[in-house]
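Quick one: the structure is below, and I'll ask about it shortly.
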Amino acid sequence: MPNLAFDMAHLLAGSLVLVSFMLLYQDRLSSLLNVYALHALVLALSVAWQANLQNAPHLYVTATLALGFKAIIIPVALRQIIERLGIHREIETVVGIGPTMLAGMALVGLSMVVMLRVTAAAAPIARQDLAFALAVVLLGLLMMVTRRNAVGQVVGFMSLENGLILAATGARGMPLVVEISVTFSILIAFIVIGIFLFRIRERFDTVDISALDQARGEQR
Amino acid sequence: MALIRDLAAQFVEMVLVLVLAPGLVGLVRKTKARLTRRHGASVLQPYRDLSRLLRKEVVLAENASWLFRVAPYLIFAATWVAAALVPTFATGLLFGWSADLIAIIALLGSARFFLALAGMDVGTSFGGMGSSREVMIASLAEPAMLMTVFTLALIAGSTQLSTIAAFMNSPAVGLSVSLGLALFALIIVAIAENARIPVDNPSTHLELTMVHEAMVLEYSGRHLALIELSSALKLVLYVSLIACIFAPWGLAGAQAGAAVLLIGVSAYLAKLTAAGVLLAVFETTIAKMRVFRVPQFVGAALMLGLLGTLLRFVSGSF
Amino acid sequence: MSHFVVPPALVLLIPLAAAALLALLPDYRLTARLNVAATLLTFLAAVSLLLEPHPTPGSYLLVDDLNVVFIALNTFVGFTTSVFSASYVGHELETGRLTPAYLRFYHAMYQLLMCAMNVALMANNIGLMWVAIETATLTTVLMVGIYRTHEALEAAWKYFILGSVGIALALFGTILVYVAAQPVIGEGLEAMAWTRLMTEASRFDPALLNVAFIFLLLGYGTKVGLAPLHAWLPDAHAEGPTPISAVLSGLLLNVALYAVLRFKMLMATNAAAIAPGPLMVTMGLATLLFAAFMLYRRRDIKRLFAYSSVEHMGIITFAFGMGGPLANFAGLLQMTLHSLTKSGIFFAVGHAAQAKNTQRIDDIGGLTETHPWLGWGLVAGVVAIAGLPPLGIFMSEFLLVSSTFARAPLLAILLVLGLLVALGALFLRLNGLAFGEPRGASHPVKASSAPLFAHLALVLGAGLYLPPQLVTWFQHVSRLLG
Amino acid sequence: MSLIVLLACVAALLMTSVLGITAARTRVGTPIVYGACLAACTIALVAALAQLLSNAAVPTLVLPLALPWLGAHFRIDALSAFFLVVVDLGGGGASLYALGHGTHEEAPHRVLPFYPAFLAGMNLVVVADDAFTFLLCWEFMSLTSWALVMAHHRDADNRRAGYIYMVMAGFGTFALMLAFGLLAGPSGGYAFEVMRAGQHGPLIAALVLTLALLGAGSKAGLVPLHVWLPLAHPAAPSHVSALMSGAMTKVAVYAFLRIVLDLLGAPSWWSSMAVLALAGITTVMGVLYALMQHDLKRLLAYHTVENIGIVFIGVGLALGFKANAMPLAAALALTAALFHVFNHSLFKSLLFFGAGSVQNATGERDMEHLGGLIHRMPYAAFAFLVGCAAISALPPLNGFVSEWLTFQAILLSPAVAQWGLKMLIPGVGALLALSAALAAACFVKAYGVTFLGRPRTPVAAQAIETDRFSLTAMFILAALCLLAGILPGFFIDALAPVSEALIGARMPVQATDPWLGIVPIAASRSSYDGLLVFVFIGLAGLITATAIHRLASHALRRSPAWDCGTPDPSPLTQYSAASFAQPIRRVYGTLAFDAREQVEMPPPGDPRPAVLRVSLRDLLWDWLYAPAEGAVRVTADRLNQFQFLTIRKYLSLVFGLLIVLLLVLAIWL
């Protein structure tokens, strides 16, 4: 029953955008991480739905990856980091929450305009998913550039990447999706480890390598 | 036969200017003396001076180089050749075509070049001062001269002096503004080039004012004689130049007979005398100007010359 | 179904095997030699690739006129760089900037990087190409940070973060291309294969292609170093080991640009889609002018030449944006010669930095006095990179400038302005580096300058005589580029 | 045939320069390299002369080099042949001179490799027959000469000179590149014959002319593009300075003639306006700058600027006459320009050789430290004097002839139709006359201060006569100066094919003139006979000398110079270069250089010396170049902030760009 299928996919993708907005709205790290977990969860659901829709079993791998790695492991790890590094809990924003939300609205609008007009020829599901995916990507970027905390920026990047996975799974029968999602998970792992190793408390910009020397166990 | 005749004419011409030159200088001096209620030396005094100089020994500064000793001959030769190429009493000179008016100016230029070098050779501050002022004045006088040449050339359609003179003698030439400008400029240049008052004073040795005399201060004996003679020649040259262009009356033609030639000679002598007297009067009536007023004086000549040329360019009618 | 032949496989497998091997071997002298040997073998394989007719493209790999040249170039520069690196790392070990453990890692990564770049060049699949380029990026990130100094790690981190965002954008573009292709070609690998895409692109949804191209241009443009996406590039060049700077400038930028080119060709085949030209021209010019002015205030010699790389990437992008047989030819030629020249310059710079043991321009002076060969080599390199004859880049710049001026005078004026400003900056620095009273400490350079002069000789040769084979390849490709 | 020979010579030169790299460190390096250059230049000179005099078929050749689909085209037509003569004459002279002069070089390894390459480059530019090859050789020429300028790189001034030279050279090359781009069109017809065949609209023509003026002018040293020249020419070793001034600037003139008179087709009258205006300014500014110098070589360099101005006046007149369909006049003007090119290459090389000898003998270029050299080095002094007289346009030497011809051309110009030209040309004539007079003044100063008077420093007092090779070279050039002065007819006839090719007309045949004089248009109009003038001066001098010898006393006594009774022990009381130029500075300087003089006269009884300070400003630099420099500096500083942003800011740049592009897409599509 394609109609139901369509609605379902639409719903999930739309709710992903919604959760991205919630991400933008958060002002405390802990809650931010919770919402991100939710984000990943919704993604997992959407991917799973796509899997049975396109009856492409390999997509289930991606779904489980999203569920296990992004929804559980990463948030936990970040929580650890926050406690270890004693990062204070508020998220400093460059511009206030309000303007950020407005900008977010505009971005969603933009992605709708660009995509829905664009993909006349493509399949309806793909069209919707692409629109939402673009929205999620842009919102993620927005978050990266408006948050000052490293963790906030990481979360932004991860939500961006969720958008990509959404798009990839939305594209019918696209090969290499699993590989891509794996690669990205590794990438994110790198970033998180980097943050931990370099003791990046505030911004991405200053790297504190005093930790590394102990890590290498040799003094230069 | 004709060639020999022409050669003779040319030779006579060369000798004539040479002979007349000191006379003209003497005349000017005498007239000035009379005008200032002095008795003054005889007109022939310059000849006497020359012969005495020739008999005197040369006192050469210690570090004078060969250039210092060669310069007088070069200067004299260049000036003499230049003078010989200007029609005095007859136009059709045999070698007149070998150098046109521009070349004549350039010849005088070379003479000045070596004179200025000679002035710097001994290495006293006098010589240098004289040379530097001389070239400064020349740097304005020479272009002014060339501009007048341009005007004449455009009017007569030639830079050949004989042709110009012939043209001026012909009824074809009417009164024209640019001719007047050219004459004016030419006179100023002549005054400046011959180191006359108000540009320079030939009869002073007060270093603040002198230009020409400063350069030749180190010269003596036969060298000085040559220098003096060549400056006299230069005066004659300019007078005959102005005469043959602006007062070409009585100028004998190319193949003229003896009578015409005689008329020409006498006319020429008359012109010289008149010019000498006029010059003397002019010099007695005005005062020497400061060295740094000179550029404006000579610069005026340049402007006039340029104006004349411009008028000719813009329309042939002026 | 993928019809597979030997040389392409070798070009990919040799580095892979070498990477594994080098990761295990402890002795650095041995590994350095092995590194050279492996790259040499790869190069030979690539040469054999040049000589024989192109194999029929498989669904993953592809060899055609466009990439065969770049594969050869890639492997060649990889080889010469490994020769340079062999002598370079020896010095680094003596001065204790690197430890054998790191060196092992370094060599393994080097081979991995080679492999990844070759894959990216040879990929017949936009997904595979994406993966390969990202792998290459990650390996270089690790190598840039290898010195573990504060600056090095910051540079690596910057490179990593900006690179990741670039990755994301590029991927989104790739997905969009697939989405555009899928209705026409059908699902599966086919819809990502260059060979199919090129043939079918005319029937794709143009509007979708447009969005895709924007994302791809930004994504891969970050790797190319187009302003304002270039931020990672200078620091990464300056702080990493010099061989890596050489490889980055000489090869990785080219690979990313190659990707952009492929997609431009795709766009060109679809009449309804936006012409990518104006976009690329604008970004190219902006990059050129920006980098040209940035050259003036550089204090670090490697950062200086990194910015000159940015400048050249701008020129090349501009050239391809202009399009037309002459400009495209110029672009391809400049890509080739720039990677040769710039890697050569980095060899010289590496030696200089070791000889003076500093990278600060103010502390390096009078090289032609103290190290004549090195100094004059640097002079020749700068002369070449500034686009002066008889070295090759002059030819491409001549073609570009003259052909552009006949078509779009204003653009040409801006182009010339940029080139002139850059030339002024380069020679200003050269005056201090190569001439004048020798400054700073001065140690003898033990390393061989053979790679440097090999590159210079090639560039000189190209300036005077181009082999017909190469010309026909380039002309064919320029026609494809439209 | 001649082309093959020439290219062989070029190849030989290039090989010599490779040899120079290795041979530089050995003692025999210098004679070997310069000997080889001398030989190659001589052969090339002979070949070029043969091509020019025997108007044989124009040889062309295409080598499979340079642009792959085009190949490297070479061709020797009359124009190329003439400039080959100029280049190789200068090159041969310089090489001969360097056989002696080069032995004093302290850094031969920085000269020997580049010198032959420089010669090769100049030869190639002149024979190149397609845009790419032309520019390749052109820039190669600049590059090698740059290397030679940097030969003495430890001196900061030389480095600066090299830098400015390089930037200006790049500027010129780009200008020419653009010009050729226009001529070739989008399809890229880079071969010269294609350009010749093409039709170019007025706008294109205007652009090409402007660009050619910028490109060739910046290399030739037209004001205001001359700034590099007086810096770079003196910085190089003297034989190279001679080449740069004597030959390379001429190559630039060649480029201009080639583009404007050959490739561009029929000129328009305003093009000659532009050229004439620039040329007139160049002429006077050049000589005024020269007058203000006290560095001998820089003075000579500025005079190169002046003479280039004179050449371009001729070229401009030729353009104007050609546009007005006055072929005879155009031929006259062009011949005058080319003849001056030839003459200038002769005496400027000669003068630079002299300056180089002085520098070798004393280690000084500053005239204020020289003086009295005529006693220590009489032969060099004599040759230098000839050069001075020639460049000051004194009859019967060659400089006068070419300026005389230019004047004759100017006098023909009332016939042109356009009022603009009618107004401009007399002014240019006045400027030319002015510059001629000023040049004489300048060389009185140069020669007087350097060679005459008393030595101002011990080094000047200890100077020694220069070596034989140098003297030979100098005297050969001096002889040529005289020869070209007294027998100009032959040289003018030799130039006929060039004007035939470019104008389609030629000056009347001169060699048949009974007294070997020259008659530009008609005997009634104007004529000049250098030979006769020479003979007359000689005779007059001789007669006078003999007469004096007969009549006057031979007594001669050496005594100290007249000092007004205040003996001045120090030679520093002589007129110095600065004091010599003072009157002229006061007349022209305030306008041209906004010259200022302050005098500090201490009160009577105060032992302090009085001080005179003179400040000159190079207004052109202040108005044109300083602002450009400043603009670059400011822009660089502004943009430099982008090096120090935070990663987040960089990300926002990426983000912003993405949004902008998407918006563009959303709005326009």
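When the chains are written out, they are named A, B, C and D in that same order, and each has its own residue count from 1.
Throughout what follows, a contact is a pair of C-beta atoms (placed from the backbone, for glycine too) under 8 Å apart; a residue touches a chain by one contact, two chains touch by 3 or more.
Keep in mind it's a predicted model, so treat the numbers as computed, not measured.
Undergrad: Common contacts of subunit A and subunit D?
TA: C
Undergrad: Could you give the fewest steps needed to travel from subunit B to subunit C through chains in contact?
TA: Tracing touching chains, the least step count from subunit B to subunit C comes to 2.
Undergrad: Going by the average position of its CA atoms, which chain sits the greatest distance from subunit D?
TA: When every chain centre is compared against subunit D, the largest gap points to A.
Undergrad: Once every inter-chain C-beta contact is counted, which two chains account for the most?
TA: Max contact pairs: B-D.
Undergrad: Could you grab the centroid distance between subunit A and subunit C? Build each centroid from C-alpha atoms only and quote it in angstrom.
TA: 31
Undergrad: Approximately how many whole Å separate the CA-defined centres of subunit A and subunit B?
TA: 101
Undergrad: Quick one: subunit C and subunit D, Cα centre-to-centre, how many Å?
TA: Their C-alpha centroids are separated by 44 Å.
Undergrad: Quick one: subunit B and subunit D, Cα centre-to-centre, how many Å?
TA: Once rounded, the distance between the two centres reads 35 Å.
Undergrad: Give me the residue numbers in subunit A that touch at least two other chains, ranges are fine.
TA: Each of 114, 117, 141, 144, 204-205 in subunit A touches at least two other chains.
Undergrad: By residue number and range, which residues of subunit B touch two or more other chains?
TA: Residues of subunit B touching two or more partner chains: there are none.
Undergrad: Two or more other chains touching the same residue: where does that happen in subunit C?
TA: 157, 161, 165, 207, 210-211
Undergrad: What are the touching chain pairs in this one?
TA: The complete list of chain pairs in contact reads A-C, A-D, B-D, C-D.
Undergrad: With touch defined as at the start, can you tell me which subunit D residues reach subunit A in the complex?
TA: On the subunit D side, the touching residues are 646-648, 651-652, 654-655, 658-659, 662-663, 665-666, 669.
Undergrad: Within their complex, state which residues of subunit B touch subunit D.
TA: It comes out as residues 54-63, 65-67, 73-74, 76-78, 80-81, 84, 95, 97-100, 102-103, 106-107, 109-110, 112-113, 116-117, 119-129, 131-133, 135-136, 138-143, 146-147, 150, 153-154, 157-160, 163, 207, 217-218, 221-222, 225-226, 291-292, 295, 302, 305-306, 309-310, 312-314, 316.
Undergrad: Spell out the residues on subunit D that touch subunit B in their complex, using ranges where they run on.
TA: 371-372, 374-375, 378, 385, 389, 392-395, 400, 404, 407-408, 410-411, 413-414, 419, 422-423, 425-427, 429-430, 433-434, 436-438, 440-441, 443-445, 447-449, 452-454, 515, 517, 523-529, 532-533, 536-538, 540-541, 544-545, 548, 551-553, 555-564, 568, 571, 573-575, 579-584, 586-587
Undergrad: How about subunit C: which of its residues touch subunit A in the complex?
TA: Touching subunit A from subunit C are residues 127-128, 130-131, 134, 138, 148, 150, 153-154, 157, 160-161, 164-165, 167-168, 171-172, 175-176, 178-180, 182-183, 187-189, 191-192, 205, 207-208, 210-211.
Undergrad: Taking the touch rule as given, give the residues of subunit C at its contact with subunit D in the complex, in rising order.
TA: Touch residues, subunit C against subunit D: 157-158, 161-162, 165-166, 169, 207, 210-211, 214-215, 218, 222, 228-229, 231-232, 234, 274, 279, 290, 293-294, 296-297, 324, 326, 368, 372, 383, 386, 388-390, 394-395, 398-399, 401-407, 409, 412-413, 416, 419-421, 423-424, 427-428, 431, 435-437, 463-466, 468, 471, 475.
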